[in-house]
Amino acid sequence: MSIFLKYILSIIIFFPLLSVVLLFFVNKKAEGLLRNLATVLSLVEFVISLFLFIYFKSNTYEFQFVEKFGWIREFGATYFLGIDGVSLFLILLTTLMTFIALLSSYKYIKDHVKEFVILMLVLETFMLGAFASLDILLFYLFWEFMLIPMYYIIGIWGSGRKVYSAVKFILYTLAGSLIMLFGLITIFILHYDQTGNFTFNLLKLYNTNIPLTLQIVLFIAVFIGFAVKIPLFPLHTWLPDAHTEAPTAGSVILASVLLKFGIYGFFRFAIPLMPEASIILTPVILVLAVISIIYGALVSIFQKDLKRLVAFSSVSHMGFIMLGLFAMTAVSVDGSVIQMINHGISTGALFLFVGMLYERSHTRLIADFGGLAKKAPILAALFMIAVLSSVGLPGLNGFVGEFLILVGSFKQYTVFTIFATSGIIFAAVYLLWMFQRVMFQDITNQKNENFKDLTLREIMTVLPLIFLMFLIGVYPDIFLSRINPTVVHFVNIIEHNKYAYNLIKAKMGLFNA
Amino acid sequence: MEALFYIFSIIAIFSALMVISVKNPLTSALYIILCFFAIAGFYILLNMQFLAAMQILVYAGAIAVIIVLVIMLLNLAKTKGAIKDFHQIVIGIIAVGLLFLEVILYLNATGEKKPTGIYTNAIINKIGNTQIIGEFLFTKYVFPFEVASVLLLVAVIGAYIFAKK
Amino acid sequence: MNSKDLIVWLIPFFPLLGAILWGVFGKYFKNYSGYLGSIFIIISFILSVIIFFIVAYGHGFSSTLYPWVYASYFKVNVSTTIDRLSVIMLVMVTGISSLVHIYSIGYMKDDKGFARYFSYLNLFVFSMIMLVMANNFLLLYVFWEAVGFCSYILIGFWYEKKSASDAGKKAFIVNRIGDFGFALGVMLIFITMGTLNYSTVFSGIHLLPPYLITTIALLLLAGAVGKSAQFPLHVWLPDAMEGPTPVSALIHAATMVTAGVYLIARCHVIFSYSPDASYVVLIIGSITAFMASFIALTQFDIKRVIAYSTISQIGYMFMAVGVGSYAAGMFHLLSHAIFKGLLFLTAGSVMHGMSGELDMRKMGGLYSKMKITAITFIVGGLALSGIPPFSGFFSKDAILGDVFNKGDYFFWVLGELAAFMTAFYIFRVIFNVFFGESHVDKNLHVHESPKIMTIPLIIMASLAAVFGFVGFPPFNHSIFYEFINKDFTNAFNFAPAVNNVPWYPLSAISVIAGLSGIYIAYVFYIKKSFNLEKLKNRFKPIYDLSYNKLYVDEIYDIVIVNPMKNFAIFLWRIVDTLVIDGAVNGIAQYISVTSSKVRKLQNGMLMSYIFTLTVGVIALLAYYFVR
Amino acid sequence: MNVNDYLIVATIIFCIGAVGVLIRKNLVTIFLSLELMFNAANLGFVAVSEYLNLISGDIFVIFIMVVAAAEAAILLGIAIAFYREKGTINIDDANELKF
Amino acid sequence: MLDLTQMYNGYFLEKSILSIMPETVLIVFAFIILLLGLFKNVKNVENSYYLALIGTAFSFLYLFMLSNRTIHGFYGSIIFDKFDIFFFTAILLSGFFTLLMSKNYFDTRNVLIPEYYSLVLFSVSAMMLLVSSVNLIMIFLSIEFMSIAAYILTGYLKGESRSTEGAMKYFILGTFASAFLLFGSVFIYAATGHLNLYKIHNFIFRQNYDKIHYIYNLHTFLAIGLILFLIGLAFKMSLFPFHTWTPDSYDGAPTPVTNLMATGIKIAAFGVFIRVFTSIYGLNVLNFYNILWILAILTMTFGNFAALLQTDLKRLIAYSSIAQAGYILMGIIAGGYYGISGTLFYLLAYIFMTAGAFAIVVMFENLKLASVNIKSYHGFGFKYPFTAAAFSFFLLSLAGIPVTAGFMGKFFVFTAAIKSGYYWLVFIALLNSAFAAYYYFKIIVKMYMIDNQSNNSTIADVIDSSNGTSANGQTELTKENLAASALVVAIIICLIFTLLLGVYPQPFINFAAKSVTSLWNI
């Protein structure tokens, strides 16, 4: 057991790869076996990852379950893993959502099942690795290869202009992350120039002190890399296409895990590495965040395609998270961390439901639906819950995160917060209108006359998410208590640097306009 | 000396110009032989008689003969249409003219600092240039010599492979 | 957790249990869900009565269930405060909702969504109970939105009707607009006071600078206005009549819509410290009272008439709390809950008898057909129009008297006019529906409602008749006032009474107003001594204004909704598709075009290859030449 | 007789060869121009090694001659093969491989 | 005056012979194969193939026997040091892969005559000579040796005009370029009076010390000489604008030969360039760095742009190899210990991924393929999962996606470049590799994502028509005969190493670093 706990992170990261090796030997004809095997394995993975939750010490901000082995001596890169309160829940989210995505794609994925499950598990490995790694090079490895399985998933099992979307997705994110790589390497070199030894160890790189102007440049470079992933307002256009054309499982993973990497990157890398620059650029970023909130909401009001609507809505939600993160108060950062989880759950659930609708009537156009609540009451009820949690109805998860974000950022950035809060209204508008047009009123489309309600598997698919929505909404303390120490530590670092930055400002009279 | 230098250079440059300007490849082959002779003359001026001999033998002998052989073999003697499009020529001449200008503009100035070796003309004459070259060829440069031999073999194989049906 | 806490937490527990049971296993319960649901509510009614006496003969207390949100310095518990205000509300809510439940069993008997209906209703009761019991602003906000959501699903209960689901959406969104302000207010409270507990906030609020207090008060007011359908956010309530009638009775008359008044009464400390905010409350209240009753004059849909009257009555309550007589406000809240619930229920029973007909022009002479309904309706009408000895008389006159004594004569006049119009329109309904010749089409067989519906009517009617006496005589030394004012101790410290006119002359005036209203209605609709058509034509602009609800919806469409719509479409079509995505694709296009040009360099011509090479050589040499 | 003069002559011949390569279309003639360039190099080497009293330049010249011979052999092969396929040795006819 | 006694000194002879042992082995085997060719019987093609493999193996053997020794052989006209060991390994690897491909490739077209293998061995040994030569004469000779072998191999496909045309273009341009090289070395010789790189190095070094290097004619001689010499090398490295031969001769040549040119010749050229650079250009006599990094940017940009819309697979890889040359040059410019070792690592990675890609191309061509036009690859991905997956992996590696060798190589090179302060260079290179990814992904798109109901016949269909029983995935193992398995072996080796270099590069970096150290102890 002790050995197990010592290397639990590596086990969690590489278990899916082992499953892939196992799956290689299954004949590609035996699709049922493949599906079940993959699903069970991902469930096992999730169960293993629950050990993290159990043995996680919630009273410290130190990294836990740390593993460290030598990797590339020349450049001081190490195989260095460890998690804190934030990455803990993101890892749990990843394992859960992968399981759910696999479970959800029993009917959707008809051909090339073997390739599909293998790609999903590979994707899982790389996502987990990116969340757990504390070595920049290691992180970058996981981070960038993650795109490839997603690219395949969108491109092969997608629909419509899938190739266009896949290529757009990969080029967009690739360009972003290469520019980010530039920034990271530069920091690495700066650290070498200052201390005289190469290291990619994140905790050591935190101590690099970068001249302010250069810091701003580098921050912009890294910012582009992460902002594409989030996606923040001007860089978001890959998201609707990718979401729309991707298969359900792809959209679910994309929405609930991949988008989080942007925020996580800011939290773990960009801000602590370049605190002064991030403090200076905070207003700009907040403006972008608020724009994304309102812009995403307004644009999604009139979308005709369900998935497109949800995609734009997640642009808006990620704007909230960004706002909370960059307000940099303990409460708001707490909020945005928990909102990351919420967004993963709610939007993932929304995509699942859209996928179910699509499987039944092979269309995603809102106009083709209507009055389904009569035919499929269970679907309607659960869908309603998901919608409300995305609207941010109190009692469900969405509310906790949004309110914490807003409360936290209200004091310092009142105007931004007021604008952001108006986003709540728009959220109600577009989501409820969508729901009304899809579920309520009379059945307009004759195809939906014999519309099937959820099967047991589908209910099983969404039930964990619904449960989590209520759990986080009613008793968020089990999450917050583990997140909070990390966040407080983070905010303390920022405050310390803010002090330092003010000294600099006083010295060189910078940006006092 | 001076006079010879200028004569040789005039011959060389003239024949070179003819090589690239006459229509018939056979003619230009003959002109290039003339050019080779002129360059051999330069070698003699620079008292490398052995090299002059080599020049005549290898170039004017072997290579030129091969060329003529090619021409005869493919009876290209009466292939006309050597120079057609003039803008091509103009571009070429301008380009190379620039190249020439640059090199010349580099070369015009002379300073007096030369790294110098021991093999003055006197020594060379004393030993005899053939012997010196021979000694070097078989001692210091024996390995390049071997490589060159293999290279020639490969070239022969190549010619055989290309030419065979 | 001692016995008191246990009782307190059992009160919301039963409705929640009911909601979950009917919601999840509804189809196994069928009709039992109705009876069981009513029993649950009645149990919690009994419990809340017990609590009421505990508080009445002891003192208030608060109890905590569990820590809810603990994010560094943002700490909120799930806990209740039990004081006189909340217990009164508790009793009222549970009482009326149990009556409505019983009534609904009959009303919804053969509806296929029976269980669903009761689960929604129980959920609403749970949320409402928690709303009144909450002891911090966040919890209040949570259930504030929760009741909004319940009203959304209940209004849209018959979701097949587009109008119904539209109305539900409208209600939710308009409420959201109000809650937007409310949420900001809560945040402002937190960042100024550092906590959200009532007791701490109220004890410390006077330390803040006045403008902050006013801001907080106004932001809270926004929420109250939205929830209580006050001007300018009143537009959702009339449409909300698409829901089942008992829902209208419970939510849109008795309980939820008065939550705004409850909020202001709860936060009376804040409002007391900010006279400006209170004045705004007064203005809004009086405008609403007048406007709504004016609109109600000409509506033909019974339920709409009653809905507008609800709006205007809540306007009275706002006037009361605006001038700082919170007791009067609460008093009117309670009595209004009773008689307005009664009116809705009777309207429902009329509908039930007329099989869903609501247009009063298609009725008339129903008195003979459904006596109980008619009598109870008339009792309610009298109470509404403030005729002694019915409850409305006491509460409304208390309010008007306070307004007068505070010296706000203009608003008093508005109130009196509203009272006059109120009496007119409600009796217009009564005369048109129950008296005069019948316009009911013959093949429709009109019948009295079953017992299970009429018994609650009778109970409520008798309550409406007698309840007023707990507040007699008005101002300060009656049972109710003695009881409630212990909570409003520091309420009067900002609006001293300028003159101390005793209550009977004032109430005489309002009684006259009411009676004259009734008389004019009688003249119009029974004796028919005027030609209504001619009258209508003479005052056509005014009539249209009233008939078209002052064109508020249209104005909103033109001023707010459509610009938003166009802006959103502009963003989507132009900004997103054309500008941003266009830029991205444009770059890609540019690159590919360039590459197709670059490929031409490799044109297969040896000549050009050599040329390229030579150019390269020259360029390199030139680099040093020009250097 | 300065080494520069020799180098200038060499350069002139070199450039003439380059021009020939640039403007001629006939494979054989192009090769002849290439030979001119090689010879320019030879001349340069001999001149320089005489100027610097060195011998290695002259050795280099010998190797250049060898290489030139080898390339002549290759040319023979290529010219024949090319002629066999195209019926001409005009390099403009070699334009299958492009873009 | 040199002493002739050395010639008869046994130790001297042994030392010198040892210094050229690996090349000698190859040449000997090449001769044996030639002799074998005299006896006309059917088997000797097979035999010569195996002989060539054995020769390569022996050469490897000698390499390891001689490892970590430094020998100046034949009066310093040749040198054998750790640097050579690295490059010999690389070159022998590329030769090995070439042989593996050749067998299979030429069995399907029966045009093979045994000289082919001897030519491959000759050219490989020429490359090794080139890397290990420290003398302008040797450099010139071995470049010519290498090139002549390459001309012959390029034009090897009889009766295919493309092949001959490629050879012709390559021949003319190559000779033209080596004329420049020669003329350049004339001027270097004139400026310094030496032909040995190290002596030249010392001369320039001393000049720099004596502050008299601006005596004009020396200076200008050096300038012209270095530039023209650089052009000669840049041609072999196929840097823009001296790249023009690359796409055409790569396209025309038989694919194994293309592989030999793309990996072997390029690596040898880079090896010798690194030698020359560290000894001469690295002194930054006439601040060559500017010109070099301009060349690097032009090269990578041109390569990527030209490859973007390319549909012929061989040409595409040719262009991409041009772009790769640009990246590699960055490392050399970055210079220093990290720069050069990064470059070496990148070259190693480059061999594996390019050879793998070409092996796949050979496989495609053997599958009775009409063309290597990537338009015809629909549905290939699922019919031949192993091949397609391997190909995608190589493409990703070329695009520089992590966990592949390509990423690690790029990463080291870029890091070194940033370390020496070439921020803009790295930035442009990153942008380049960002949009370069497009054309690699395009192939993946074609293989996996284009649905199969397109009217034109796809590879899969062609194969099905060629032999009916190729529905299930692992057919290419049982494809033609055992020879195909040689191809599969090559692919698998490349795959393993591409992955290994990407995931655990440490040992290979050590290898590169160790070999770099021997560059500076001149």
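The letters A, B, C, D and E name the chains in turn, as written, and every chain counts its residues from 1.
Throughout what follows, a contact is a pair of C-beta atoms (placed from the backbone, for glycine too) under 8 Å apart; a residue touches a chain by one contact, two chains touch by 3 or more.
For clarity, every value in this text was computed on a predicted model and none was experimentally measured.
Enquirer: Touching chain B and chain C alike: which chains?
Expert: Touches both chain B and chain C: D, E.
Enquirer: In how few steps can one go from chain B to chain E if every step must land on a touching chain?
Expert: 1
Enquirer: As a test of understanding: of all chains, whose mean C-alpha position lies farthest from that of chain A?
Expert: B
Enquirer: By C-alpha centroid distance to the whole-protein centroid, which chain wins?
Expert: Going by the distance between chain centres and the overall C-alpha centre, it is A.
Enquirer: Which chain maximises the distance between its CA centroid and that of chain C?
Expert: Between chain C and every other chain, the largest centroid distance is to B.
Enquirer: If you tally contacting C-beta pairs for every chain pair, which pair wins?
Expert: After tallying contacts for each pair, the winner is B-D.
Enquirer: Between chain A and chain C, what distance separates the C-alpha centroids? Give it in angstrom.
Expert: About 38 Å separates the centre of chain A from that of chain C.
Enquirer: With chain centres defined as C-alpha means, what is the inter-centre distance between chain D and chain E in Å?
Expert: 26
Enquirer: For chain C versus chain D, what separation do you get between their C-alpha means, in angstrom?
Expert: 98
Enquirer: Once you find the CA centre of chain A and the CA centre of chain D, what distance in Å lies between them?
Expert: 65
Enquirer: Find every residue in chain A that makes contact with two or more other chains and list them.
Expert: 171
Enquirer: Going by the touch rule set out above, which residues of chain C reach two or more other chains?
Expert: Within chain C, the residues that touch at least two other chains are 599, 602, 604, 606-607, 610-611, 614-615, 617, 621.
Enquirer: Two or more other chains touching the same residue: where does that happen in chain B?
Expert: Expected reply: 88, 91-92, 95-96, 99, 103, 106-107, 110, 114-118, 140-141, 144, 148, 151, 154-155, 158, 161-162.
Enquirer: Under the stated touch criterion, can you name all the chain pairs that qualify?
Expert: The complete list of chain pairs in contact reads A-C, A-E, B-C, B-D, B-E, C-D, C-E, D-E.
Enquirer: For chain C, which residues are in contact with chain E within the complex?
Expert: Its residues touching chain E are 591-592, 594-596, 598-599, 601-602, 604, 606, 609-610, 612-613, 615-617, 619-621, 623-624, 627.
Enquirer: So in the complex, which bits of chain A are touching chain E?
Expert: For chain A paired with chain E, touching residues are 28, 70-75, 112, 115, 137, 140-145, 147-148, 151-152, 155-156, 162-163, 166-167, 170-171, 174-175, 178-179, 181-182, 185-186, 188-189, 192.
Enquirer: Mind pulling up the chain D residues that touch chain E in the complex?
Expert: Touching chain E from chain D are residues 3-4, 7, 10, 14, 17, 21, 27, 30-31, 34, 37-38, 40-41, 44-45, 48-49, 51-52, 54, 56-57, 59-60, 63-64, 67, 70-71, 74-75, 77-78, 81-82, 85-86, 91, 94, 96-99.
Enquirer: Using the touch definition from the top, list the residues of chain C that touch chain A in their complex.
Expert: Result: residues 23, 66-74, 138, 141-143, 145-146, 149, 156, 159-162, 165-166, 169, 172-173, 176-177, 180, 183-184, 186-188, 190-191, 564-565, 567-569, 571-572, 575-576, 580-581, 584, 588 of chain C touch chain A.
Enquirer: Which bits of chain E are touching chain A when the two form their complex?
Expert: 338, 341, 382, 385, 396, 401-403, 407, 411-412, 414-415, 418-419, 423, 426-427, 430-431, 433-435, 437-438, 441-442, 444-445, 448-450, 473, 504-506, 509, 513
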